[in-house]
Amino acid sequence: MSEAPEKREAAPVELGTLVVSSSPHLRAPDSIGQIMWTVVLALLPAFCAAVYVFGIDAARVTLLAVAAAVATEAACQALRRERVTVSDGSAVVTGVLLAFVLPADVSWYVPVVGSIVAIAVAKQAFGGLGCNFFNPALIGRAFLQFAFADQVTLAKWRFLPAHAFSDLLGSGVDAVSQATPLAVLKGAPGPAGLDALYRQYGLGDLVLGNVPGSIGEVSAFALLLGGLILVANRCINWRLPAAMIATVAISVLLLPVREGGAFTGGFVSILHGGALAQGKLALYHLFAGGLFLGAFFMATDMVTSPITARGQIVFGVGAGLLVALIRLYGGYPEGVCYAILLMNAARPLIDRYTRPRVFGTKRRKEAERA
Amino acid sequence: MISLAPPLMPVLAAADAAPSPVGTVALSILVVGLLGAVFGIILFVASKKFAVKTDPRVEEVLGALPGANCGACGLAGCPAYAEGVVLKGLAVNLCAPGGAKAAKMIAAVMGVEPGESERRVSVLRCRGSRARAKERMEYRGVADCRAAALVLGGPKACTYGCLGLGTCVEACPFGAIVMGADGLPHVLEARCTACGRCVDACPRHLYVLAPEKRTVHVLCSSRDPGRATRAACEVGCIACKACERACKFDAIHVVDNLAVIDEEKCKNCGACVRACPQAIIGDFRKMRKALAASARSATNAGGEAAAS
Amino acid sequence: MDTFIEYFRLFFSVALVSNLVLAKFLGLCPFIGVTKKTSSAVGMGFAVIFVMALASVATFAIYKLVLMPLGLEKALNIVVFILVIASLVQFVEMVVQKVSPPLYRALGIYLPLITTNCAVLGVTQLNLAFRDGSFGAGLLKSAIQGVGGGLGFLLAMILMSGMRERLDTLPLPKAMKGVPIAFVTTACLALAFLGFTGMA
Amino acid sequence: MRTFRGGVHPHDHKELAREAAIEPVPLPERLVVSMNQQLGAPAKAVVEPGAEVLRGELLGEAGGFVSAPVHAPTSGRVVDVAPHPHPVAGSAPAVVIEPDGRDAWAEGCDRDSGERLDAVEPGEIVARIREAGVVGMGGATFPTHVKLSPPKDKSIEVVILNGCECEPYLTADHRLMLERTAEVVSGLRLLVKAVGASRGVIGVEANKPDAAQALSGLAAEFGFPVEVLRVKYPQGAEKQLIKALTGREVPSGGLPMDVGCLVQNVGTAVAAHEAVLRARPVTERVCTVTGRGAARPGNYLVRVGMPMAHLLAHAGVRGGVRRLVLGGPMMGLAQWTADVPVLKGTSGVLALMDAPEWKTRACISCGRCVEGCPSYLVPSRLSILAEAGAFSEMIDEANALDCIECGVCTYVCPARRPIVQWIRQAKWEARIRKMKADRVRAEEAKRAQEKESAATA
């Protein structure tokens, strides 16, 4: 290696004004837009299932909500004289999610008002994407529950039962109106009422979506598929939905309810040999209602869920517990929306108390022991 | 059932006997009065038992301070300074924003002499606006002078000059610095309180707090040799010493490639201002008007830029 | 068992379902004022629990033992209740100033504000629902309602303070800075608390 | 496969230069030998303009204990001693040499005495390394003799040779391990002996199986295992490498010697071998020139002090380059001019044709930075605090000082937030704050003293 290289004149390099920035000089390909549009893609199976179950109405409500959400976001950003960033898809996600928690046959203004509240109040008022504490779609939904209760909480929900599947868009097919599975459960929360419920809607109906309910929540299978798309694309962390769903199952399995002045269900039933029925009830709770929609698409909203892995588990467990409490003891048949909103409120605190241990330091407990 | 009624029995009986409005009112007054007395006694005892000594002068001094918590006094905020004055005997005229007025009030509270305090203002010692000072690179990153200064010294070819990213504008608690359309910050002297935040914020140490009546300043900080300075900026000190020759009072000298004014000797005559070929020695009496106008247009331009 | 469940329901109801701040919108002044930092929010919350519990017991006792026998319950209940609460707050203020000066500094002007904290007065008024039962049971229920209401207040304060510490770092629209966004956040939190509707 | 927690694997672009064998670059017209070649104090020039020097002759002596001497990279005439653009410090004093083309070694240098490794005493090894101006060749440029002289209460048990080269694009260490295998192993033996360690390990990332293969045969003879590590950036960061190989965590604010480890780059091992057994001071190094702007990307044997423009021209860099980065793309320094010299720590030069504009948006707390941070920090929080100007909180409550500035958080951020730059700013603010506090304390002490003396008087 010590041979003397000869002296040689090299052609001079002409460099223009160079761009200088702080390291790193590379960025990963994923951007906010890519993540948001992936979420939209992951919502597509559930959307298809919705059109299948509710007909063209589902598409109508969804499009209205999306259009209102995008328009509101653009208007807010224009008013604030900011760069309009609706192309990143985050308003689209909010619109779709809001529509997904509404019945298919609401008046046109319900999704529109919901979207405006969701974007203007719950998101842009806080400074836009990344700054909101609460999931905008859920704030929109909670607001609608408050403002248009008669339209949003129906006693009977319309849907196209399985025999009408031959006609996709539902024209010429009579839709039927029935109580949602969770509303039926509300009337008879214990395992005793389960058999009757099973005759009305089997587990298979729940998985495929052949039940009344809100637009996006009916097909557990389609939602699971979407959830897998999100996990595969690292848009969500599997821990949070897993913790949430598992907590709901365990809570329903163990928590007793009061029927006719006496406790039944839960561990009470299990102690009395009703373990199988209680298991079936827990399973039913998983697939009925908006749990999958909430667990995969709403609780996991990056902006409003904890940032650390441990925090995500705490969030999932908390939300799951609240879902079970509201479903079993509360005034509403479904509690996913409120459970997630409540945990959203606790998110800053969860983040604060689940900070990871810094490399090369000890946890406080270990440090005290040492 | 236990009842507090027995001691009140006679009154109660009277009230029963004559259920007149007058009786009810009298009874009400009596009851409220008695309860008030009981609570009063309890609070009196408690105030003795839990008494805490406080110096009321701390609050008074605090009231005399502007409350901007700027830290110009060298302590962490106004309450700390108030405590410092009362308990540690700090000087009463350390509050620059409050100026002579605050010093006088504090002195009155403390019963001492207010001492001298001359009004000072902040001066930016650079005129290297975007059009006049060359940039050597296209900087991309955090829009903050201190952050940019860490990336190979920032985008300006002159490593002594203003980076123009407005860290001082952000730092000023009184809104006395505005970013001009020319890419240089401008001090609005009427609002400046000489708190020194900008002096600390500027990574290039371009700000200096000078007495308001001093009107002649060297508005360049480059210590590069003349040729390098000229290559980097149209308005840099090229160490030509024309000012030295022009000064009748031996008050200005080129030290380390940069003209420096000896404040003791300077009479603000402006001879150096006229002599400087680079126009970097400024006479504030003349410049003030222009500065204020440019700052106004800058504020307007800023608003329009945000609007578009 | 049933009595226990009843007490539990009372507690749960006043703490969550009819949360004083988020369902009844009482005590918004300290709620907005002292939630800028979690540490002072917690301090304020505990001060309110303490005052609320004491005030509940004291006012209920005075109501039942003094005002009712004298037939003055309608004329004097609010006046006397405010007197009791004001004295209690004065007392608490002295104790806090002596025991924990940092807490005293953090709570600042808000401690005296408990005096006029309508949440405290509200709970003492709510307690009047128990006036027709026995004195002992009513006193116990008042205490439970006082502690429960205070805990609900504390919970709302803690949640809110966690969010507000983050609010400081957000690029808020100019019009929303400060108190406006605090109220918007409160509204959202109140919507979330609707989830407890019908529970217990 | 062993590794650490966190990190990320960016597309590494190593295919550009991986296959190119190390190739010497012809001498330029002038060599600009900076006196600031290492972390710590700069060297002090000991030659005057006009002096004739031979290769290996001393140009600058160490400016302190944490410093290193600088030697002439070729024979020639000193034409200038003056400040010159410096790729890290902006500007630094440099000795400019006009080569005479003989490239003759100074007396006593470059003797292949056939001296056996066993014959050199540990103290002698450290002394020769110090005199040869060996510094960390991976890019950190920490003087090697300082690392080899731990305080008495610390003992080094394991010497780790860092052959990870986890930075994308760079392949210099890879080629070095392949082509100069014997010197790498010999260097490791010297380092192990110098500190009296009981073990030596070579860590190689799994994307260099040929290098691992080549090393393992020779290393096994001396009982040094070659550990193949997962391909993940920053696998080659000192603390992360120690964690991966030994499971030990260097304490926060501590040094590798606190857990009985010493980490050296494979390039440093070669330099140590050259210094101790061949009496050759550091005058050249292998440097990868790559990126789409280089027509002939490759691994070049360059002299210290070679102007960057000369090296770039040799590697076929023409116009149209938008960014010039010294070092790897994750931690390297972007340059505004090619008028800077090659330093002992210049492991690579990237000539990039693109300069994307990354528009910063609000943090959406996706958590990817938290997942990727090898120091287990919450970069998202740090960035939010920085935006709010809360630099003190970044230091006091969010552990900004534990950041190793590896750049993973900024790389993965979908909101394109310049997190590392903010953290650097916070560290800088912390330094300023400390300086101020020290000044205030000194003033207070002075005032107290004055008061006291006044009272006694």
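Chains: A, B, C and D, in written order; residue numbering restarts at 1 for each.
Here, contacts are C-beta pairs under 8 Å (C-beta built on N, C-alpha and C of every residue); 3 or more make two chains touch, one makes a residue touch a chain.
Please read these numbers as outputs of a predicted model, since none were measured by experiment.
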* Reaching chain C from chain A through chains that touch each other, fewest steps -> 1
* Just how many steps, at minimum, does a route from chain C to chain D need if it may pass only between touching chains? -> 1
* Asked: When B-D is set beside A-D, which has more C-beta pairs in contact?
  -> A-D
* chain B and chain D, separation of their C-alpha mean positions in angstrom -> 43
* Asked: How many angstrom lie between the CA centroids of chain A and chain B, rounded to a whole number?
  -> 48
* Inter-chain centre distance, chain B versus chain C - centres from mean C-alpha coordinates, in Å -> 40
* Asked: If you look at chain C, which of its residues touch at least two other chains?
  -> 166, 171
* To do: Quick one: which residues in chain D touch 2 or more of the other chains?
  => 333-337, 355, 358, 362, 418, 421, 424
* Structure fact -> Check: chain B positions touching at least 2 other chains come out as 136-138, 140-142, 147, 150-152
* Line, ring, star, complete or other: which describes how these chains touch one another? -> complete
* Structure fact -> The residues of chain B that touch chain C in their complex are 1-5, 8, 12, 15, 24, 27-28, 31-32, 35-36, 39, 42-43, 46-47, 50-52
* To do: Would you tell me which residues of chain D are touching chain C in their complex?
  => 362, 384-385, 387-388, 390
* List of chain D residues in touch with chain B within their complex -> 90-91, 333-337, 355, 357-358, 389, 418, 421-422, 424-425, 428-429, 440
* Asked: What residues on chain B touch chain D, complex-wise?
  -> 74, 136-138, 140-142, 144, 146-147, 150-153, 159, 170
* Structure fact -> Residue set of chain A touching chain D in the complex reads 1-28, 30-32, 34-35, 83, 85, 127-131, 234, 237, 302-303, 305, 307-309, 312, 351, 355-361
